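Notes for the one structure printed next.
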Amino acid sequence: MKNTFGSTLSVTLFGESHGDYIGATLDGLAPGIRIDREFIASELKKRRPSGKISTGRIEADEYTIVSGVYGEYTTGTPLTVLIPNTNKRSADYEANARIPRPSHADYTAECKYHGFSDPRGGGHFSGRLTAPLVLVGAIVRRALMDKGIFIGTHIKSLHGEEDRELGDIRADIEYLNATEYPVLDPMAKEKMIALTEECRERRDSIGGVLETYAIGIPEGVGEPWFDTIEGCLAHAMFSIPAIKGVEFGCGFGLSNLYGSEANDQLEYRDGRVVTKTNNSGGINGGITNGMPIVMRCAVKPTPSIFKEQDSVDLDKGENVTLSISGRHDPSIIHRARAVVDAMTALTLADLLCVRYGTDYLR
Amino acid sequence: MKNTFGSTLSVTLFGESHGDYIGATLDGLAPGIRIDREFIASELKKRRPSGKISTGRIEADEYTIVSGVYGEYTTGTPLTVLIPNTNKRSADYEANARIPRPSHADYTAECKYHGFSDPRGGGHFSGRLTAPLVLVGAIVRRALMDKGIFIGTHIKSLHGEEDRELGDIRADIEYLNATEYPVLDPMAKEKMIALTEECRERRDSIGGVLETYAIGIPEGVGEPWFDTIEGCLAHAMFSIPAIKGVEFGCGFGLSNLYGSEANDQLEYRDGRVVTKTNNSGGINGGITNGMPIVMRCAVKPTPSIFKEQDSVDLDKGENVTLSISGRHDPSIIHRARAVVDAMTALTLADLLCVRYGTDYLR
Amino acid sequence: MKNTFGSTLSVTLFGESHGDYIGATLDGLAPGIRIDREFIASELKKRRPSGKISTGRIEADEYTIVSGVYGEYTTGTPLTVLIPNTNKRSADYEANARIPRPSHADYTAECKYHGFSDPRGGGHFSGRLTAPLVLVGAIVRRALMDKGIFIGTHIKSLHGEEDRELGDIRADIEYLNATEYPVLDPMAKEKMIALTEECRERRDSIGGVLETYAIGIPEGVGEPWFDTIEGCLAHAMFSIPAIKGVEFGCGFGLSNLYGSEANDQLEYRDGRVVTKTNNSGGINGGITNGMPIVMRCAVKPTPSIFKEQDSVDLDKGENVTLSISGRHDPSIIHRARAVVDAMTALTLADLLCVRYGTDYLR
Amino acid sequence: MKNTFGSTLSVTLFGESHGDYIGATLDGLAPGIRIDREFIASELKKRRPSGKISTGRIEADEYTIVSGVYGEYTTGTPLTVLIPNTNKRSADYEANARIPRPSHADYTAECKYHGFSDPRGGGHFSGRLTAPLVLVGAIVRRALMDKGIFIGTHIKSLHGEEDRELGDIRADIEYLNATEYPVLDPMAKEKMIALTEECRERRDSIGGVLETYAIGIPEGVGEPWFDTIEGCLAHAMFSIPAIKGVEFGCGFGLSNLYGSEANDQLEYRDGRVVTKTNNSGGINGGITNGMPIVMRCAVKPTPSIFKEQDSVDLDKGENVTLSISGRHDPSIIHRARAVVDAMTALTLADLLCVRYGTDYLR
């Protein structure tokens, strides 16, 4: 029930999938930041289901900022956003309220909340709660851009289908942020979309890997031993439903390298210390070294599938089979990237504010 | 500089490699826990370098508990441990104080601390600081054992060489905890040790993957959205130097599965709800489901290698080559597992105490 | 900008006096607590201005619980309340936006937020933000009552006019909670109300002292050294606008006693350890001793008065005189008691949850 | 058991009166601060018992800084201090271990720690633990002085005997910091010392009020709603044993004033906004307004008195009488002021670092 994350700049999340509103409060944000409604809308759009490859639930994502903004500038006081839940089909869920869906939070929520949690649409554990995170993340991310800090994510792989590596990082980030389905290689993109559609026909789901770059962060940011860049980012990422792995730089790949291959040797370039390679993903000892931060997140296949599955009836205490109805995505990876971008922005901004103070984002 | 981790049960870490003492304070520990000096000694021994495959620096790891214990039982007040630094060869380090070692924290510490950090032996960023973590972790881990909670870690792979899967988890954990080089398959163990020795001759280093199991944790533990089991464990793991990736259950492997393969279907077994597979690693929605927690950590090759490397001289502002002398491990993975076990214990115990209160570990 | 308070059970506050909504999020509340709308309404009513002795702004305090409640029981997930701001006369305030009102937060908010804070009605610093605190406090307080824990506050003195001491504490608490103007002695009550009315005619304001009792808290609660009962309660109290002093037990009166007078000697009574006196206010070493907790808060006279005052014009950089218009209370002490009760409940409940776990309030 | 206080700059406290060491860890301190051993010694001396008016236990207060300092400058990493306990007479205490001393923490510690706490000399609750707080506080306070921020405390009253008001605040602070018994008026000082000696003869104890001034803090510091200057300072003060009341500005005195008397009217003086009076104690809305911060703490009479008192024998379950032996102060107010100064420095420095970042104190 720890729904607040961050130290100097923190976010508090609340809501249930079928309640009146979901929302979030951003506390510690500097005053004087202009609210860029267009940027917010474009970020929300990336997270929102749409088109053939997403769930049938169309969410308008109308939102209100009910505090912390005056005359389209942040006031410096807590900024709370509300998103109404309008397109609800609770009946889809209430029928099976006592039969936990495999690999969802239904059973664990039952254990933790003793049967009192809201069963409709996953309740508090619905992926829908990522919408307010994307919203407040967009506000922070926009402010980071004004400080020269840019964040971008692509689908590195989808069910084995791989995108190309980033080349010109700044340009590629810009491209990714402007596109709905964030893949750099057009051929790979086509194949991934085809894979997803095929998967929908199979009534199944697929997952993949998101790769995130953050550039422009000054050297020396991060609060080891415990509030390292990696530790805080991973903490944030694992809050996102469906993420089951996080790695930085070469990550698990480092386990197959020799030290002489893995080490990032240093040199002066244009009067600045840089590393010749970036196997460390821009972080040493938990602190930024000025190189791009590189993070990869494993996104599991959506657990809501239409195939019949085994489960239990908690009321009757017996084994049953379950067929999930409702509206679901065969893959949420392209939508998850908006959440990853948002949580990356919130986490890095917090560590920047710890280091440089509450006015840093002005 | 956030050197405190945990909410209800927290650990604070301090010290430098060549200072008088390194140490840690454990706060929020229940009163009445017996201090098991033998268990502590065995854990410290696992972390301590020794034999052919480790650094030449032999550390005695004598320690004192200077507070929080009276008559060999915890008092419930902060428990502080001190470990003196006795075997120091500062001259090894001071010569190259201004030439950062590649993929170490030298350069980032320089940026963050403006040249004031202790350069001797990595200072505050030395792997040596994991010794007090192992020490306080052992106290907590011992108390968890009395609650039926067991944690064990094996080297899943070293530079590509693989150990077998766990079978009887409880028995395998017991075996691993009793052995210095934690590999289940004797043939794999032999090969890994041979790999390490060969690597020493190459004056290079290698890394691998540690896999951790925790069993006996009740269902319903974890504080989503943000203080999930995964998020808190990953946060803790990334504090350990050399760890660059963390995954749970099938982790990155999930990105290649269909939902119908990845989902853990449920059933009643002996009157208890269990999952037929454990691809989720015992965690759904950030909350324990009663199945074993399974976590894997990528351990990079030790950055201290004897091969000549490129670096920069920060005083002269020019490119130089660097040859690291001193005493170093060709691989620290077997030692790192003691730290992983300790941080896993500290993190899970904290989340258990948040849920069940400060007296939980009694 | 730290708008979250509490460790295991926390409250996050947001909103501005003239924004769309003010609200609060309660996180860490146990599942299964029934929402008692009647009790909430009665608490909100105590805080709400009404009648001759209060401000002319009549607030309806309609509220919505938008998350964390399902079927009138708490779910265990974050509970967010919203109160719409309906009766706004922003023009009253905007005229003098750049002329700080003496002893208000106008000038300090200007300094902190660089002129970006919402000037209407005190913005984020308006006493109106105490309404959501009273609301979530009432939910927690109601749950505490089911655990046998009762909190009550009387006006110990108003501008020198004194109420009688509490006698039968449980009965007096009950009386106080059932009455709008919380004074035990009917004569004193009459005089205080007369004082307030007279003060309104003088176009001035008065303050006083609130005295709070909490009974039924088990022994052994509190987390010293730093999270003492006194420290946490005082931290919470000083968040309430107008409170400038907090004391426990005999408080400042102890400074005139001998130790032999001040010490609370112990004895067994009905098989339980009690103290013969309660000069310590139920707390020793920051931990509850089972006796009633006794706290007093100094409430300053409302800073909004109608007399002409000296101030500065921040835009023109010159001295000016200021006449405050708008609607104001000659004394807010009787309304402040609802906030004191709420914050006392939130603070004690948090320390109880730290000790006994997240399910304690069920 | 929350022994860590502070957000960006935090202190962790540990130890027992008769253990090997007591100590504290300061985390988040900027690098490059020179350690002023003379200043530290002078602060420790003020806290240390000495002379006729203090306890017979003479403490050397030798200390070691075991981490976070290199070449007499802070490194920016956690700074841990250790003070050995040398002059211990445990037998004085162990005899009566199960008979709680009135108004001490003996009984509440028994309840909280289930009989496992260290009974010798008050264990973890001994006033002796304030020594490391004074030590780390002195380091921070010294750094604040370099930023133009000065803190000083006088005994405003002792058992009714009053000191004069501060006049030239900067000069008076300087005088107070240079003197062992911090009273401005020489006549009052003489009387207070006489009162204390007389009290020793009566085998009793007395208390008083400490008044603290802090000047030079910039406007706009403080993190309302909850992390107000008042809330954080009071939180810190109530950690100090013997303090039972805290007020700011006119504090409880405000309850007898009219708003027109209490309000601090504003004006420009030398181009700066100031208030004509300082009844608010330099704080409005929980944020500094640039005027001196004024705080008063009620110090209760030392609970250790030599008069026979009633108590209970927790083992036998019966009422007994208790005569405390050992070494005790008839008044600790002059020693407590060093702790008040230290905790004030730590709290203000933390709020300054939250606002201005981790490098602020450099």
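Each chain gets a letter, A, B, C and D, in the order it is written, and its residues are counted from 1.
In the analysis below, contacts are C-beta pairs under 8 Å (C-beta built on N, C-alpha and C of every residue); 3 or more make two chains touch, one makes a residue touch a chain.
In this text the structure is predicted, and so the values were computed from the model without any measurement.
Asker: Along the graph of touching chains, what's the shortest path length in steps from subunit B to subunit D?
Answerer: Between subunit B and subunit D, the shortest chain-hopping route counts 1.
Asker: Among the chains, which has its CA centre at the largest distance from subunit B's?
Answerer: So the chain farthest away from subunit B turns out to be C.
Asker: Take the average of all CA coordinates in subunit A, do the same for subunit B, and state the distance between these two points in whole angstrom.
Answerer: Those two chain centres are 27 Å apart.
Asker: How many angstrom between the C-alpha centroids of subunit C and subunit B?
Answerer: Whole-Å distance between the two chain centres: 45.
Asker: Which residues belonging to subunit C are in contact with no fewer than two other chains?
Answerer: 1-4, 7, 13, 112, 124, 223, 354, 358-359
Asker: Under the definition above, what is the set of subunit C residues touching subunit B in their complex?
Answerer: Touch list, subunit C to subunit B: 7-8, 223, 353-360.
Asker: Which part of subunit D faces subunit B closely enough to touch in the complex?
Answerer: 1-4, 10, 12-16, 19-23, 25, 27-29, 31-32, 64, 66-68, 70, 73-80, 82, 112-119, 123-124, 358-359, 362
Asker: Which part of subunit C faces subunit D closely enough to touch in the complex?
Answerer: Touching subunit D: residues 1-5, 7, 13, 100, 102-109, 111-112, 124-125, 129, 157-160, 199, 202, 204-209, 219-228, 230-232, 234-239, 241, 243-268, 273, 275-276, 279-281, 283-290, 298-305, 307, 309-312, 314, 317-319, 354 of subunit C.
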